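Two complexes, one shared chain (subunit A), two partners (subunit B, subunit C).
And now, the complex of A and B:
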């Protein structure tokens, strides 16, 4: 049943919309807006991890780039929400394009650790040398212009805007991974040497994917700072990298819907369960071990077989 | 000038501690291709064991150090037996995720038992030594000497003992050693435990220079990855050189550039090394 839904884009989008609407109105819209934005982050991250087979341990850097790009534009230049978000996406993509030239050449452990090192440097830059622009430890409080009903100060509008953004990202990324390009990406994940033998320049494919991932994650970052109306160093903190990795793993790496399921499940656990479970990090660690050892396909990986 | 020498000596202290902690990490990485975040947990547990014995139970610092090493050995055995051993030959992503999970569980357990607020440990010697116009806490001098002793001891261990020789051979060609009928994994496990005991010792040594907090393992482990990567995985001499170099980078940045940039500078060095000398993980 689930695999049929996955194959049809209309059914997929309809199901995601209905479920998020139900979830949002049953609980609270601002909270579910956070969930939706996190799902976009997971999709962007999983493009590298699940589809290209490289685990980045520093993708908070691109989330931070998007958040700060959006936040700094709104704060210092002009508080137009759409331009700010665009600047955030462009900054995420530009940073990925710049760093990707060296990061993409590495793989496996070096890829993970290089991203982590760059994330540490980025977080330091945002905190200290650039504090005049980024607001340092205090961050920036943001305000956005509103045009009639397009009002980002209204949490209901933000919910629908972010839901629309998620649907767009799902549509684009699904089309991307099903295109010949996406299939080639999967082949690179399976065996890069053989793809090289076939005459493809695998670096270019990986590099472009890295930039797309940076742009999507930057988009999520920009939406985060619009939604929270602030941006601070917690949006670039290297210690939070584990969240997105866990979400991707829990949902099922390598599928777009898996990323959405994992993102929602992770946020649900961390928002609702965390207030009941005192030893929340311990719970997270044990769950992480369970998924890494026994349930590598993730929730969606098993559900789609039903 | 005195200021310069002083900061060099402080850098050597940090370098010595980094060396003692990193050696186990380097061996796990080089021998088994496993990125072991759980190493940071053992370091933190070592520091907290010292706190328990020396501060809570009122014994002296040396007893605390012995207690820390005594606690780290069974803990390292458990981690090796139930986590690391399942990750041999697996994709490196799962190793990163699983060992990070162990670090997370351990940090939360420490928070459970000891609380989240930072705990201080006083300098066990508390004396200053004077060399001309230079003044230096005796404790820091002892750390540098101790790091030197560990280096000599490990060099002898890997050159003279059978276990050490098997491990060195295994680092170069695991299959060849295995074809001689030697269970390389068993020897790697022994070295894993030695490396972990050293990490606990590193935690003990670092504790009086800083404060304890449950997340201390997270901070140090990334610095240690920097050491391992700069020094070359499984390269024992390289690890020593890298640790002292990065220790110097750390302290000189703090003194002559911006004090808050010290950590970031180490990561810059790490990134540069990763870019220009790509590592090939065996997994």
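And now, the complex of A and C:
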């Protein structure tokens, strides 16, 4: 059943919409808005990891770029929400385009660690040398203009706006996966050298994918800024990279819906389990071991076969 | 015979002091089917890797249709028309047979040139599927189109790899031990396929055993210990004293 849903973009979007509406109204809309934004982050990250096979330990950098791009524009330039989000996305993409020229030439462990190193540098820059712009440790408190019912101070509007954003990202990334480019990504993941002997300059496509990933993750960062109405260094903290990696693994790397399932599952555990078990991370660690040893394909990897 | 299509002048490849290919000057004429033989570890595959851009030679040049392509990367050589297969079959096991084929076909046509089509159009549309099915059909594996490549037998994978190479619009096709590891039935089949495509474009075949090449090729070259021993008419080459020496040792053997 699920595999049929996955093949049809309309059914996919409908399923995601219905489930998030149910979840949102059954619990609380602001909380589920966080979940939705995190899902966008996971999709952007998984384009590199699950689809192309490059694991980054430093994608919080691009989340931070999006968050600060959006936040600094709203704070220092003009508090239009849409322009601010656009600036966040562009900053994420531009930073990926700049750093990608070096990072994409590496792979495997070097790729993962180089990203982490750059994330550390970025977090430090945001905290200290650039504190006049970024607000340093205090962060920036943001305010956004509202136009009639387009009001980002209203949590219900934010919920629907972010849900719409998630649907847009799912639609675009699903199109990628089904296109020749998606097949190319899969083949690069399996054997990059061989792809070159089919006439593809693989560096170009790895670089483009890195930029697209940076843009999507930047988008998630910008939405986070808008949703929280502030941005601070926790949105670029390198230690939080583990969250997105956990989520991608849990959901099932390499599928768009897997990223959404993983993002939601991770957020559910970290939000709700934390109220019952103080050190919930231990539970998460055990769960990850189970996934690594017995459920390699993740939740969605098994559910889609039902 | 036509003009030279692919030629090397004095190519040498060293790996930390080991000379894998030693000063080989060689050329293939347009339209011919050429064979390269030599004992295990002679440097045949390394020589192929120099021709196709897998490695860059330590010394010497590679020319394609008179142009120096020594420094051209492999993907550019493919687009010039140099297609190859690998000694150990190399296809994408995690993808379906159809997707393997699509990846090769797309690069040659409109789906690659138009970036909106490349990034956004669903690859599984009828025109491309038909084109790919036809390409698979030339090797007799069209019925496997929807199978996962990893589930296919070794012989079928090699057929797929040849089908992929053929769909790259090659001007010269380099087959690296196309018969290695195959059953007798598969060997006969692939031999048939090569006879069928022979003459449409230039073909170079690496092989370990002379016997399999004798009725396929118009010229034969022998490589031993990285160096070119002999090159020319197949009948003359196998009677050459130096060739016999590297294959059978110093004793005299009867020509056959």
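Just so it is clear, the second predicted complex is superposed on the first by the 306 of 306 C-alpha atoms of A that agree within 3 Å, B and C clash if a C-alpha of one lies under 4 Å from a C-alpha of the other, contacts with A are read in each partner's own complex, and residues count from 1 in each chain.
Methods note: contacts are C-beta pairs under 8 Å (C-beta built on N, C-alpha and C of every residue); 3 or more make two chains touch, one makes a residue touch a chain.
Predicted model only: the values in this text are computed from it and were never measured.
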Fit or clash between subunit C and subunit B when superposed on subunit A: fit
Contacts of A:179 with subunit B and subunit C, given as first, second, both or neither: second
First (subunit B), second (subunit C), both or neither touched by A:245: first
Contacts of A:55 with subunit B and subunit C, given as first, second, both or neither: first
Touched partner set for A:187, first subunit B, second subunit C, both or neither: second
Angle at the Cα centre of subunit A, taken between the Cα centres of subunit B and subunit C once the superposition is applied, in steps of 10 degrees: 80
Which superposed partner A:132 touches (first subunit B, second subunit C, both, neither): neither
Partner chain in contact with A:121 - subunit B first, subunit C second, else both or neither: first
Minimal inter-chain CA distance - subunit C and subunit B, angstrom: 14
List of subunit A residues in touch with subunit B within their complex: 49, 55, 57, 102, 105-106, 108-110, 112-114, 116-118, 120-121, 124-125, 127-129, 238-239, 242, 245-246, 249, 279-282, 284-286, 288-289, 291-293, 296
Touching residues (chain side subunit A, partner subunit C) in the complex: 175-176, 178-184, 186-187, 189-191, 193-202
Complex contacts: residues of subunit C adjacent to subunit A: 52, 54, 73-76, 78-79, 83-84, 86, 90-95, 99, 102-104, 106-108, 111-112, 117-124, 164, 168
Complex contact set, residues of subunit B against subunit A: 29, 33, 35, 83, 86, 92-94, 96-98, 100-105, 107-109, 111-112, 215, 218, 222, 225-226, 229, 258, 260-261, 263-264, 267-268, 270-271, 274-275, 278-279, 281, 283
